[in-house]
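Next come two complexes built around chain A: one with chain B, the other with chain C.
Then we have the complex of A and B:
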């Protein structure tokens, strides 16, 4: 399958809710989609296009919005494809992929923990690395790891 | 009743906690608790130059540092539009395969000791040191190497390295026979391993399990064959598989993988003997090697006029399939780096392959997963 074939088959099914299929060297492409069609799109990729492996889920904080991305692998075509959706910066959320790929469970917990994206319908959306009750999502740009004014400089007096 | 196995339990091989719900001796449910070793490597990477992240990669997985350097370098080079010289690609593959042998030996030593067999532990650690000596000769480090660079590798192999490496490989390939004698001929080994932790291939795929665990169920999935990176498409090797999908199967797969790694390493050495050349790309952006920005020089940090790009790489790491996604927004630091850890998913799938067995079966089953908490928590 080629990138343009993938774009044609997706747009015939989802019309303008597929925002674009970009080329990505080494991958089948990068599909940008409306978050509303997430579950239908995932089901299409697994059942009709043969992408049986969910490899990666992650999020990016672009400050004015957040991006969630998925990497899928097809055994038949031996190729990866990247899916990507933009979410609002205020209370970002998207449908969980756990009903389609059970392996999404740990990936989505990690994305919620670090980037603060909620996955609706996830069976067990808790933090995975940070302690429960932690106030921050550390991979947000607003979370600073190093504030020079916080450093306490100790000078030894002789 | 819930029982905590960890975070300070001999079974865990690192800091993590396995909560187990038991009824009598039978495991009913498990809940891995992770994050004890979370160092925020993805976050720290956003404040570093590309070549400075390589230091973090060694710490991500401290038994397979070179494999993780290889993973990040592939994604970074794609994001930065840099092509490395051919010779450096062979050196990277050689380093990754030697690292696979060292990592599997570390696993062998720790796993078999969990079963109560003490001598294999000493054998495995002794022979792993020979591989670490090789690493020391060309990287200077035994555990954290900082060897690979965006655009190649730091330095060429030292004089006489290929001969010494061949001697070590010849020694190792005979030791693998001894390892098999020590384990497969042992009744204790079979009684503690056969038929435990069974995870059939379709469920392994659904749960995202990769690497030796998936191949022990008869799957031929190996990224070095399915999606060759570096120069794996030019090398001859077989994918190690087993059919039993249990702990013994995973042992057999890893032993065969070490033999195949020796085979790949020998081909790399032959090629490297015949093809001298540069190991670092000549035309590299000057800022790739830039030192730390002087304090207060904000304009330097905020420079955003280099070519942008996305980089995605997946490699067959000793524990499974590791991935990296690098977003380059034109700055000197990556905007976002995302890593996929195979161990995180393999451990999480314990919910599927542990229930039904007995509490005493947990050390062999979780030992066969080859847990490295460093890469799991990142």
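Then we have the complex of A and C:
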């Protein structure tokens, strides 16, 4: 499969809700999509295009918006593809990929913990690196590195 | 219906076992050093507290200061049992100190696996906020008297991760620490030196 074939088959299904399919070095392509079609797109990629494995989920804070991206691996074509969607900076959320690929579970917990993107429908969306009750999402650009001397120790905050 | 039933008058004082009528002619038992002969003359109800008081005052005055505390201090500081709770690379040096080459058991240091059997918590490694409350729980599970050693730069002050969002900048934010050992990681000699310094500290404090 080539990048233009992928773009053609996706636009025939989702037309304008696919915002673009770009070439990307080392990947089959980078698919930008609207967050509303996330579950349908995931199902299409797993069932019809043969991307059986979700390698990773990540998030980026671009200050005015946030981006969530998924890396998929196809065993049949032996190729990676990347999906990415822009979310609003205020209360970003997208449908969880756990019903499609169970390996998304820990990755989405990590993305929620560090970047603050909520995944609707996740079975167990708890923090994974920081303790429960921690007030911040530390990889946001608005997070300030604290001075250890000013630190207020609250360990048991449940 | 409005007839008043006469209430039986209560006695002014009820006799109770807790407040016996004290006999002023008996010796005052609250003062230390009551001779045993006079205790014999006490009534049975007063015998046990009087004997307890006499014995404990005897122990307090003569035995505790000169015998019990020094013996417990000597025994405790020469048999420090650290908790085996390896966190990071310092735990490798910690383990090496108990091998054949350095043999920390020469100093009576035997690592145990249960905090109930330990009186020394050696924090060896990077403590994150996620594991911080478990560190406090382990420390609180250890019986008194207990001491803590912060081993390595991470446990002392956060080390290279001092400003990271997930790392506790020094375990003295969480538990009281007696001895800090510098190094990244400290060699087993440094750890043995820290333990010997802690033993000296315990001897000076008289704990």
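Here is the rule we go by: the second predicted complex is superposed on the first by the 145 of 158 C-alpha atoms of A that agree within 3 Å, B and C clash if a C-alpha of one lies under 4 Å from a C-alpha of the other, contacts with A are read in each partner's own complex, and residues count from 1 in each chain.
We adopt the following convention: contacts are C-beta pairs under 8 Å (C-beta built on N, C-alpha and C of every residue); 3 or more make two chains touch, one makes a residue touch a chain.
The shown structure was predicted, so the numbers you read here are calculated from the model rather than taken from an experiment.
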item: Partner chain(s) touched by A:145 [first = chain B, second = chain C, both, neither]; value: both
item: Contacts of A:103 with chain B and chain C, given as first, second, both or neither; value: first
item: Partner chain in contact with A:129 - chain B first, chain C second, else both or neither; value: both
item: Which superposed partner A:82 touches (first chain B, second chain C, both, neither); value: first
item: Chain B versus chain C as contact partner of A:55, first or second or both or neither; value: first
item: Touch count on chain A, higher of chain B and chain C; value: B
item: Chain B versus chain C as contact partner of A:7, first or second or both or neither; value: neither
item: Set intersection of chain A contacts, chain C complex versus chain B complex; value: 129-131, 138, 143, 145-146, 148
item: Residues of chain B defined as touching chain A within the complex; value: 34-35, 38, 40, 42-44, 47, 78, 205-209, 221, 226-227, 295, 310, 312, 314, 321, 323, 325, 327, 335-336, 338, 340, 344-345, 348-349, 377
item: Interfacial residue positions of chain A with respect to chain C in the complex; value: 129-131, 134, 136, 138, 143, 145-146, 148, 151, 153, 155-156
item: Contacting residues of chain C [partner chain A, same complex]; value: 129-130, 132-133, 136, 157-158, 162-163, 165-166, 169-170, 173-174
item: Chain B-touching residues of chain A, taken from the complex the two chains share; value: 24-27, 30, 52-56, 58, 60-61, 69, 71, 75, 78-80, 82, 101-103, 105-107, 110, 114, 127-131, 138-139, 143, 145-146, 148
